[in-house]
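Next come two complexes built around subunit A: one with subunit B, the other with subunit C.
Moving on to the complex of A and B:
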């Protein structure tokens, strides 16, 4: 069975780009263009991986979603790939090295613009890491 | 699900958590424009901006100075018969244009906002002498001299500090900010 991915990102141009890449790698991709629809989709359907943007809606809404995920017993296990242009968007908040705080249990951060090959690699590793973790339990 | 979304939907997504009716319900009555105290300085009045968004004319909306001139007095929002939150819309457009680097050139707003936020994060307080350069050079000579004179008088009366003040317990404040904006080293 194909893996099911959910993209939550408010930028339609970017979404159509990565969706095309992921479609070509035989993933089943769903898209939500705002955090509210996105979270509803997460709760009502099953996904193997979430691709999450940070700067949406009123500000750093992506982080709010990550926090909600961490509190949700069922969704806590969901691997998350954070794709963000945050350093470019609010560059002045990051004085030095790229920062990757841990948002959920299994996550990874990729900065926009995204290399197709790297994106697919990260998606693959994250899904595998989540499955390995499930088996262990 | 549709493949892509329109500009108008994109803007609605920025406003998804706002109270009030979505832009689609606008009846173009012009109450917002009539109420707006700065409408005279805007390229497009607030009513025109809503119409342009609903027509999906993204370039024109982003190239207008309207949302950067908004004084956030909320008078339009209060008087809108359709209860559209127009002030919030202006904020949404500011965010959108900053995130996409697509605002009009030569505006004071974006540089001023950046200088202001940076300063608050660094010291927790507003300090006018650092803010001034973001707008003072757009003045003509007379306005510039008036501003300098004003500042000197304030300085002599002790109303303008020479060195920026810092708030107490800066660490607590930074942690608080970190909950709101993803600064380096969140949690």
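Moving on to the complex of A and C:
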């Protein structure tokens, strides 16, 4: 069965650019254009990975979602790829160096825009890491 | 309506307190009094006055001590000392401790009113300056977020869709069409990088940086930078010759931002050097500092450009054929100066450039 992904991002134009790439790699992709719909989808359906924007609505609402995930015993195990436009708040980064904000157990942060090859690699790696963790348990 | 300015008078002579209160009666001030330093300080703590008169000669804690403590409680409170004998030296001592003015006893009502008015005006100016500084800080932060949102977000969306288009059409487009798409992607990438570097200059907060200082060895950020640049150096076949005068004494600093400095300077050295040449990186102890020098045999910097290269948004004539925005050196200077260090450059066109970063050794 194809892996199921959820994108939560309030910029439809940006979403179109990542969804197309994920679609053609045979992922089943759902999109929520605001944090509220996004969290509802997370609670009612199963996903293998969440692609999460940080700056939505009135501020860093993506962080709020990550916090809610951490508090939820089941959703805590969902791997999250954070895709964000904020760089200045992460301070200086060497290009290419992986960033794990540790909002949830398995996460990684990349900056917008994301190159197709990197996007697919990160998605694959995070899903595998989450599955490996499940097997261990 | 704005609160009435609060004035506190600390003096052991009741007659002085009474007459001062009397003189200011009917003016638009809230006046309170204290008969010794201890009581006075309690009142300063509780009511945060705008202006405090302090008698220098009092039983109990001395006037000068009271002054010190008031400034510890709130450095923006304006203080004026009352001197029994108009001795210049005690007034000078008080002014050195931060008193704004002095009132020699005996004084006329007009003298007292004048000094009070001046003191309150001073307080207003102090508060205004603080508010302005805060506003400026806020503007800077807001500007950063506006730039990041209003410019970066749409550009990122454009670029993401181009990525998708390129990905989907990989087998459909001919070479010429691919070339066009590539050109668009490269130019947008340059724009995004430009915005990022602007944001970097705006967001370097020297004070926040200083809060995170620890005792570190320069070797760590230097090696981090070199590791990161290894691929670029290899691609241009440039050998980086590193000499470190071990053991290097520690400095007080921030590892990540220092590695940014070294990555900027060494990155430049690689970028502006002809293929197959050497870049020399040297770190050594010199007169209470750790001195790092980066020497290349590159195109060099023209004499008329040298004074401007740390100013930001400036690129020398000779650099105009290579990519870059002249931001890296401005950020580097900010970071080095936050470390109480200095950065300097020597260069000769066609021969090469040497950057020298000097960071003070921690005192402990």
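Throughout what follows, the second predicted complex is superposed on the first by the 124 of 137 C-alpha atoms of A that agree within 3 Å, B and C clash if a C-alpha of one lies under 4 Å from a C-alpha of the other, contacts with A are read in each partner's own complex, and residues count from 1 in each chain.
We take it that contacts are C-beta pairs under 8 Å (C-beta built on N, C-alpha and C of every residue); 3 or more make two chains touch, one makes a residue touch a chain.
None of the values given here were measured: they were computed from a predicted structure.
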{"item": "Which of subunit B and subunit C A:130 touches, first, second, both or neither", "value": "neither"}
{"item": "Partner chain(s) touched by A:16 [first = subunit B, second = subunit C, both, neither]", "value": "both"}
{"item": "Touching partner for A:35 - first (subunit B), second (subunit C), both, neither", "value": "first"}
{"item": "Of subunit B and subunit C, the chain that contacts the larger number of subunit A residues", "value": "B"}
{"item": "Partner chain(s) touched by A:65 [first = subunit B, second = subunit C, both, neither]", "value": "neither"}
{"item": "Which of subunit B and subunit C A:114 touches, first, second, both or neither", "value": "second"}
{"item": "Touching partner for A:52 - first (subunit B), second (subunit C), both, neither", "value": "neither"}
{"item": "Footprint overlap on subunit A, comparing subunit B with subunit C", "value": "11, 13, 16, 55, 85-86, 89, 92, 94-95"}
{"item": "In the complex, subunit A residues that touch subunit B", "value": "10-13, 15-16, 30-31, 33-36, 54-60, 63, 85-86, 89-90, 92-97, 99, 101-102"}
{"item": "Residue ranges of subunit A in contact with subunit C within the complex", "value": "11, 13-14, 16-18, 20-21, 24, 55, 85-89, 91-92, 94-95, 112-116"}
{"item": "Subunit B residues within the subunit A interface of the complex", "value": "1, 3-5, 9-10, 13-17, 95, 98-99, 114, 117-118, 121, 180-187"}
{"item": "Complex interface listing, subunit C residues touching subunit A", "value": "144, 148-149, 152-154, 156-168, 192, 196, 199-200, 202-203, 224, 228, 256-257, 259-260, 263"}
